[in-house]
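Here the chain labels run A, B, C and D in written order, and each chain numbers its own residues starting at 1.
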Amino acid sequence: MPATTTEKNHKSGREIVEIENATIRFAGDSGDGMQLTGTQFTNTSAIFGNDISTLPDFPAEIRAPAGSLPGVSGFQINFSSRDIRTPGDQPNVLVAMNPAALRVHLSDLEPGGIVIANSNSFLPLNLKKAGYGSNPLEDGSLSGYRLIAVPLNELNGKALQELNLHKRDADRCKNFFALGITYWLYDRPLEPTLSWIEAKFKRRPQILAANTLALRSGYNYADTTELFTTHYRVRTARLAPGKYRNITGNEATAFGFIAASQKLRRPLFYASYPITPASDILHELARHKNFGIKTFQAEDEIAAVGAAIGSSFAGHLGLTGTSGPGVALKSEAIGLAVMTELPLVIANIQRGGPSTGLPTKTEQADLLQALFGRNGECPVAVVAPATPSGCFTMAFEAFRLATRFMTPVFFLSDGYLANGSEPWKIPSVANLPDIEVRFRTEAEGFQPYLRDEKTLSRPWAIPGTPGLEHRIGGLEKQNITGNVSYNPDNHDRMVRLRAEKIARIADFIPSVKVFGKPEGKVLVVGWGSTYGAITSAVESMQEQGHPVSSLHLQYLNPLPGNLGEVLSRFDRVLVPELNLGQLLMIIRSRYLVDAVGFNRVRGLPFKISELQEAIGEML
Amino acid sequence: MPATTTEKNHKSGREIVEIENATIRFAGDSGDGMQLTGTQFTNTSAIFGNDISTLPDFPAEIRAPAGSLPGVSGFQINFSSRDIRTPGDQPNVLVAMNPAALRVHLSDLEPGGIVIANSNSFLPLNLKKAGYGSNPLEDGSLSGYRLIAVPLNELNGKALQELNLHKRDADRCKNFFALGITYWLYDRPLEPTLSWIEAKFKRRPQILAANTLALRSGYNYADTTELFTTHYRVRTARLAPGKYRNITGNEATAFGFIAASQKLRRPLFYASYPITPASDILHELARHKNFGIKTFQAEDEIAAVGAAIGSSFAGHLGLTGTSGPGVALKSEAIGLAVMTELPLVIANIQRGGPSTGLPTKTEQADLLQALFGRNGECPVAVVAPATPSGCFTMAFEAFRLATRFMTPVFFLSDGYLANGSEPWKIPSVANLPDIEVRFRTEAEGFQPYLRDEKTLSRPWAIPGTPGLEHRIGGLEKQNITGNVSYNPDNHDRMVRLRAEKIARIADFIPSVKVFGKPEGKVLVVGWGSTYGAITSAVESMQEQGHPVSSLHLQYLNPLPGNLGEVLSRFDRVLVPELNLGQLLMIIRSRYLVDAVGFNRVRGLPFKISELQEAIGEML
Amino acid sequence: MSHDGDSGRKGAAVLPMRRRDFMSDQEVRWCPGCGDYSILAQTQKMLPDLNIPRENFVFVSGIGCSSRFPYYVNTYGFHGIHGRAPTLATGIKASRPELSVWVITGDGDALSIGGNHFMHAVRRNLDINIILFNNRIYGLTKGQYSPTSEFGKKTKSTPAGSIDYPINPLCIAISNEATFVARSIDVDVKHLSSVLTQAAHHKGVSFVEVFQNCNIFNDGAFKHFSERGFRDDRTLRLEDGKPLVFGRDRDKGIRLNGLKLEVVDLRREDSEADLLIHDIHDPDPHLANLLARMDYPDFPVPLGVFRSVAKPTYDELMEAQVQDAISRSGTGDLERLLNSGDTWVVK
Amino acid sequence: MSHDGDSGRKGAAVLPMRRRDFMSDQEVRWCPGCGDYSILAQTQKMLPDLNIPRENFVFVSGIGCSSRFPYYVNTYGFHGIHGRAPTLATGIKASRPELSVWVITGDGDALSIGGNHFMHAVRRNLDINIILFNNRIYGLTKGQYSPTSEFGKKTKSTPAGSIDYPINPLCIAISNEATFVARSIDVDVKHLSSVLTQAAHHKGVSFVEVFQNCNIFNDGAFKHFSERGFRDDRTLRLEDGKPLVFGRDRDKGIRLNGLKLEVVDLRREDSEADLLIHDIHDPDPHLANLLARMDYPDFPVPLGVFRSVAKPTYDELMEAQVQDAISRSGTGDLERLLNSGDTWVVK
C-alpha cells in the first residue's frame, strides 16, 4: 500500500496516510462469521466508492472443529482508488481471530504487514490445535510484522455489559468489534453496516443493539487507544460515471439469465441439484418467481438436465446449473440435447477436482470435459465469463447463442468468480442487446430438421402448435425430415452438420481484442476467471516497457475467428491456466503454435506476481 | 476375386476356378437368419483353413417390419488363401433374400458380381416396401451383374416335402438352402455345418432333419442344375502353424479378462448394465463362473462401475463394460477411482454416437471422452485393440496396467471388432506374460498413499488385512498419508503426481513399430479397429512402390515413448479415423506435427480403397 | 408475467378426431406378434375421445422396444434416453401444465436405470400418465432379465438363473403415494382401453402397469393366468365400490382375515357380506397395497384400478407459486432487479 | 477356484476390543451439537461386541455431512460419491461376503440422488447394513430441503415453501421387501445402540432410519415428539411379540379396525386383548407398512424394529453359483477355455 499523501486525523490527532489501495484479510473459525464480516467490509468499501475485488475462502465442512486448521474461514478484500482486477496477491492486514487462522494465513501477509490478533483466543488448547509450540503473540516469532494483539472477547464483553447478554451471545458479536477496528484503520464509514444491522435484526432488538454496540465500540477503541499510530485512507476510485452496485459472480449469473429470459420473452426454467459452488444460483433464481421463473430442485443432476431439456422442448428456456461432478452425470443427457438440437444452457461453476476434489476451491479444469465429455462427436458451444460482473453478460450470451443456434451451450464459471465480488456499473435494460425467439408456427413446409441457411439451426416447433406434431429423440436423425435414419451417408453428413453449426457461431461472436500492442514478443492468452490477474500482470510488464500483450477468451467454442491470425503476430504464446494445460492443448492443436502453459492447480486464483515471473521467463 | 488356376469339377463336370480370396454377403430380413447363415459360412471357412474376416451388420430393431428397408440384416465374409485383414471392400457375391436386401446392398457389390436372389420374395408388396417400381429381377436393371434368381421358398419347400412340416416351419430353413448353394459355389465342405445342426437340434429331430435336408438340397441343387457355369475354390491360407479357432472381438475380450484374472490369481468381478454392442461380454463371462468370476447385472451403469470400484477396493479385479452412453454415466465414478487410485478396467465397446446414435453400428468417436470426459484433471490409461483376436491381448494388458499402476484403464473396442471375427492362433497359457498382484500386508510403515518409486502407484491394501485399516474417498488426499487435505500446494502436487503416474506407464509398454520403411514421405497413423483396412491399404501402396509406412497405436494414453521421434521421420502424417479427428488433435497438439485427418463417420469400417485414395492424395 | 402466452390454444382441430389422426407416418417396427401393438392400438383409439387438441399431447419415452412408441403416435413426441423419460416429462409438464403428457416406459427403463426418476415423479404427483409396458425382460437388448423377471430366471446374462428378487411396480408406486394406480394386460383390449381412459382423466400422476407379451424373448410370461380358458378364474377385475369377486361363475371372493387376505369359495359360504369392498378413493393405501401383492397361484391376479385419490399436483403448485409471487410483488421488473440492493452513483 | 484366499482371516485381534479401538486418528468435523456425534459414539461402542475382527469391517458412504462418518471409524472405509454408496457396498460385499459392510448415508444421499441404488440394494437383500441419518435437510450444501422435508418447508432453495410431498423411507424399504427395517433417534442412545446391534446381527439387508438433528439448518426437526417431557407419549417402542402399547403410563395402545389402525385409551377400555401384537417375523409386510405410516399427531411415532425376516442373501446366492459352477464343471481351466469350440490345426 504505497502512501501518497499524509495528514493529521482531525479527531484522534493521529496521522492519516492516503494510499492507493489496500488488501485486508479476515480469518477465523467457521463459526466466527468471517464471511459476513468480509461482506460488510466489501459493501461498505463499494458504497464508499472504491473499486473492489474479493476472495472468500471457506472450508468444505459446515463448522469444522473449533480452533482446527481445516476449520479456518477467510475473506480477502482488495479496495482501491484505481481500477483493480484481483483480490490482491498479499494482504497488508490480516485479522486473525484465533491461532489456526494466523497459522493458515500468515505466510500470505506482506512482509511488515499488520496482524490484528484476538489475544483471548491464543490459549494453550487452541495453540495446540493450530500446531503452535508456543504463543506466537509472545514468542517473538511475529517480529517481522506489526502485531496488534487485541483481547477481543474481553473488550467486546465489556462493551456489551449493559445489555446483560449471555456470554456466548455477546461473544458472537466480536467480529463486529473487529470490523469496527478495521473501519477505523481504513477510515471507512460505519453507516452502511449500521443500517444493514438495523434491517437484518429489526425483529430481534437485543441482537440489533449488541451488534451496533460492538461495531461502534471497536471503532472507538481504535480511535481512542494508541493501537495504531497511523491510519489510512483509500479514496474513491475514478470509476466510470454511473450507478453501481456490488455483485458476486453467482448473482450476476442469475441476473444475466433473468435478463435473457426477459429479452427473449420466454420464461426461464431452472432445474438443478444443489452443489457447491453453484447452489446460490438456485437460491437466487428461486427468489424471483415473479419473473415467471420456475425453479426445480431435482432428485439428481440427471433429472435436472432432463427436465431442462424437456422444458426447452416445450418452448421455455431450459437451464441447468451444477459443478464438475454434476456435469459428469449430465453428460449423457447433454448428448441428447445435441442430437435433438434443442437450446439448453448448462452452467458449470467449476471447483477443484477430480472427483469430489476440493468442493469450496476454484479451478479451471473442466474445459475439456465441456468440449469432449460425451460419447460420439458431440459438439456444443462454450462461453466463459472473465470477472464476477462479467457473468451477467456471458450468461445472457449463453442464451442468445443457445436459442439462435438451437444448441446446448456451456457457461463455465468457477468458484472464484461465483463467490468473488466487485462493483458493477448497472446496465440499462434498454441497452441490452435485442434478442428474440421465433417459434415455427406455419405447418406448410414444416420439417423438424430443416435448417436455417445461415445458422444451420433447425426450427423450434413447440407442443401446442397445431400441424407441427413431430417426434425427436436420441437416435440419429435423417437431415430435414428428422426421421430415424441408420443410413451411413446421412450419419456422416449429420455428424458434420452438427459440427459445422457450432463452427458457424464464430460469425456471431465478437473478435478477440488484444490488450496492448497488436504484435510483439509475448502474447499471454487466458480464459475465465484468470482475467484480472493476467491483465494486471501484463499491464505492469507493459508499464515496465516489455513487449507483452494479452488476450482473454470468453468464447471457447467456437474460438473467435481472428484468433489464429492474432497468435501469429507474436513470437511466443503463454497460456496461464488453473489446470494442467487444457486451452493450451486446443490452441497448440488448432494453430500449431508452440504455445507454453503456465499452470497452477492450487485451488486458488493466480497471483499477479507469479504471472509476472512466468511472463518474464518468456522474454 | 482374381482367378489363379482353373480345373474341371470331377462331379459336375463344370469348371472350378482357383482364386485367392472372395467376399460374400448374405442379406435378408431380420427374421431370415442371416447372422446365423453368415456365422456358419464363417466357421466352415475358418475350419477349412482360410483366413477370414467378417462384418455383421444388423438393425437396431429386434425384428423390424418384414420386408422393410430398415429391417435388413447383413453379414459379410471375406475368406482367403492369403493373409487378410478386412471383411472386404466389395462383395463378389450378394445373397439377397428379399427385395429390401437387394436394394440396401446392391450398390456395394462389385461390378459384374453375382446376385443370388430369392425370386419367391420378389412379390408386389415386398417390392413396394423396398421402393421398387418394377421387379429388378425382370426389368433388366441388374444387367450389370450376374443374376441368379432362385425360387428359394418353392425349391426348399419341395425338398422338405417328405417331412410334412408346416409351410412356415419349412420356410424357416430356406437360409440353409441358400447356404448350401453358396457352399457349392465356393466348394466348401458341408460337414462343419451338418455337425453344428446335429449338436444344436439334437432334441428336436424334425428341425434337425429339415435343416440338414435344406442344406444338402441347396448344395445338390447348385451341383446338378446349371445355375453356375463355374465355381470357385479358395485354398487353405498359409497361416502360421498352430491350433486355431475362430473368435469374435467380444469373445476374445472376455477371454483376455479371464486370462488376466488367472494370471494375476485374483477373481474377476464384472459389473455391467446391458447395452449394445457390449452385452455379449456379460453373456460370455456369466458362463464361466467356474473361473471364480462373478458377474453382476447392475441396475444401471453407475451402479455397475460403483460395484466394480467396490470390488477393486476389496481386492478383486473390478471390471465394468458398456458403450459410449454408458461411459457418460460412469464418468463421475471413474473420477472417484482416479482419486482413490484403485485398479479398474472400463471396457467401452464404441458405437455410433452422439447420444443413442446408431446402436448397432461401429465408430471410434469416444477417444476424447475416455481421455477427458470427467471433471478436473483426471488422467487414466487408455488401450485399444486393433483386431477381433487382438482384443484378447489388450484386455489382458488393461489389467496388467490397472493393477501395476493402481489406476483405471479404458479398453476401447468397437462394434466392428466386437461382432467381427477372424481365425485366432490359440496362445499357450504358459506363454502369457507373468503378471502378479502384491497386496500390502505389513502394517509397519504402511501409509495408504505411499508411492512406489518406479510406478508412483500406491499400495493395494485390502479389507481383511489386520493393521492396514484406512479410509479413502473422493476428496483430495494428502500425499503419502491419504488424509483429506485442502492444502493448496498438496493439491497441485497430487494433480501432477496423478498425471505423472499415467505418463510413466510409457516405460512399461512396447514402442511403436513402423510397418514399412522407417522413414519416408507419408506415415499413416491409426488406432483401434481400422488396423486391417489401414495396413492393407498401406501394404498395397507399398507394393506399388510408394514411400508410405504406417503405425498403429494400441496404447493411446500414454502414447508410446518413441512416437514423436517416429513421426519426425516422415514428411507428412495422415491419421485416418472413424470420427472427426480425435487422435489427430492429440498428435497435432503433442508433437506440433501438421498431421492431416481422413475421417469417415458412416457407422461402417473403412474401405481399403478409400484409404488408398486418401494416401494417394498425400503423395 | 410479461411473456407471450404459449401458442398452445390456437387452432385446435375442429372436427372430432379419429384413431387414424393419431397414427403417424412411421412404419411400426416391433416384432410381429409383440404385445406392444395392442397397447398402441388401444391408445390411438382412446385418444380422440379425450377431447384434447392433438397438438397438446406429448408422448415421452426412454429406451427400449416399448419406448419406440412415440414415433408411432401422431402427436408431439420425445424418444429420450434410457430411464430418463420422467425427467423430460417433468420439464415439459412443469413448464406447460396445459399439455397432456404421457410417459411410455418399460420394466427396465422405469425400474432399473430409471427407478429413481420414476419414484420422484410419482411422489411429486406430477400430472402425467406413466404407462409401464411390463414384459418382464429386456427386449431391445435381446433378452436379459429385468427387475420384474421372476427369481431364478435363466437368460443370456443369467445362465444359472437370476438371483435378484423381483420388484412389484405397483408396490413401488403405492409406497410413493401414487394418486392413481392401475394394471391391465395387452390381450384384453377392452379392459386396457378403459384403464387408459381412466388414467387419462385422472388429475395427478397416473401409473398404469400393462402386462405385455414379448413373444421373442419371454413368450407366454403371463399366459398362466391370462389365457382365455382360465382368465376369469385367475384374474380379479377390480371395480370400485363392488365386492372383490372373481371366477368364471363369479363364485370366489376375497376377504380380510386380520391383516391378511384370503380367498373365499362363495359356493360354500352363504353370503358376500364379509367380502372386501373395493374402494379406489380410500386415502389410505393399505387396501391398494394388499391387492397389489396378490399373485397367482395363491390369489387371482388383480387387474383394473387399485387407487385413485385427489391431491394437488406438482405442476399446478409450481404455477401457483409463480402467480402468487406476481400478485405479491408484481410482475418482475428487470430494471428494478438490477438496481436492487445497495447502490451508489459515481459522477 | 484357483485363486489364493483373501487375507481376511489371519491375525484377528486377540484381545477383546474396546470403543477406542474403533476411533480413528481423524478429527471429527461436524458442527458442535450435531446429532451425528451420538450415532458415531453408539456405533463405536457397539462394534466391539459384534466379535468381528476389526479389519473385516468396511464403512462405506456417499456425500453429505453424515457421509463423513467412515473417516472417524478406525476400520476400512470408503467415502464415495453422492448417492452411490450402495453400489460400492455391493461390489465389496458380493466380492468378499466375509466382510461386515456398513453403508452410512443421508436423506439426500439415499433418497434423492441415490434412490435407485438404495432400492436395488434393498430388494436384492444384500447382506449389508444401511444406516440412514435422516435430518430432513441437506446439511453439507447448507440447507436445501430434502426428500424427507415436510411439505411447504421454506429453505434457501424453496423460499416460497417446498411443493414436493415427502418420502417415507421405511415405506420405500418395505415396498422393496427389505428383510430388516428399523428406526431410532440420535437422542436416545440406549435405543439407538440396541437397534444398531440388532441390525448388525441380521443376515440380509438391514435398513435403519435414524432421526438426526441438524442443529444448524433444521434444528428441532424431531423435538415435537422426541423431547424428554413427552417422548413416551408421542413415540411407540416396538417390541416383538408384545402388544402395541405406549404412553408414559403405558395407558395407550394400537388396534386394528378393519384396514386401519386406531389409538385405544387403555384406561377406558377394559383389556389389552384386542391390541395389535407386534410381529417382526411376519413374512407379509402389511403390519410393518401400517406401522411405518403412523405419524404424530394422529399416532405416536414408532421406534424400534419393524420387520426382520430371513431370506437368502444376494452375496451368498452369488457365491453359491460360483461354487456350483465349480462343482459341476470343475475349476476353470484357462487352457481348455481358450481351446474350446471348433478348432483346427495348421501345420
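Keep in mind that, in the parts below, contacts are C-beta pairs under 8 Å (C-beta built on N, C-alpha and C of every residue); 3 or more make two chains touch, one makes a residue touch a chain.
Just so you know, these numbers come straight off a predicted model, no measurement behind them.
Across the two interfaces under comparison, B-C and A-C, the one joined by more C-beta contacts turns out to be A-C. Using the mean of the Cα atoms as each chain's centre, the chain most removed from subunit C is A. Note: centroid distance subunit A to subunit B, computed from Cα atoms, is 47 Å.
With centres taken as mean Cα positions, subunit D sits 30 Å from subunit C. Chain centres here are Cα means. That of subunit B falls 40 Å from that of subunit C. As a whole-number value, the distance joining the C-alpha centres of subunit A and subunit C reads 44 Å.
For subunit A, the set of residues that touch two or more other chains comprises 60, 70, 289, 299-300, 325, 332, 335-336, 340, 355-356, 473-475, 484. In subunit D, the residues that touch at least two other chains are 63, 81, 112-113, 115-116, 119-120, 147, 160, 164, 318, 321, 324-325.
On subunit C, the positions that touch subunit A within their shared complex are 1-4, 6-13, 24, 26, 53-60, 63, 70-71, 74-81, 84, 86-96, 98-99, 116-117, 119-120, 318-319, 321-322, 324-326, 328-332, 334-335, 337-347. Residues of subunit B touching subunit C in their complex: 60-66, 68, 70-71, 273-276, 279, 282-283, 286-287, 289, 295, 297, 299-301, 325, 355-356.
Residues 112-116, 119-120, 123-125, 147, 160-161, 163-168, 171-172, 174-177, 256, 258-260, 282, 284, 286-287, 289-290, 293, 311, 314, 317-318, 321, 324-325 of subunit C are the ones touching subunit D in the complex. Residues 27-32, 63, 65, 68, 81-83, 112-113, 115, 138-142, 144-145, 147, 156-160, 162, 164, 216 of subunit D are the ones touching subunit A in the complex.
On the subunit B side of its complex with subunit D, the touching residues are 43, 46-47, 49, 192, 236, 239-246, 255, 258-259, 261-262, 265-267, 269, 271, 288-294, 296, 298-300, 302-316, 318, 332-333, 335-336, 340, 425-429, 439, 441, 462-475, 483-484.
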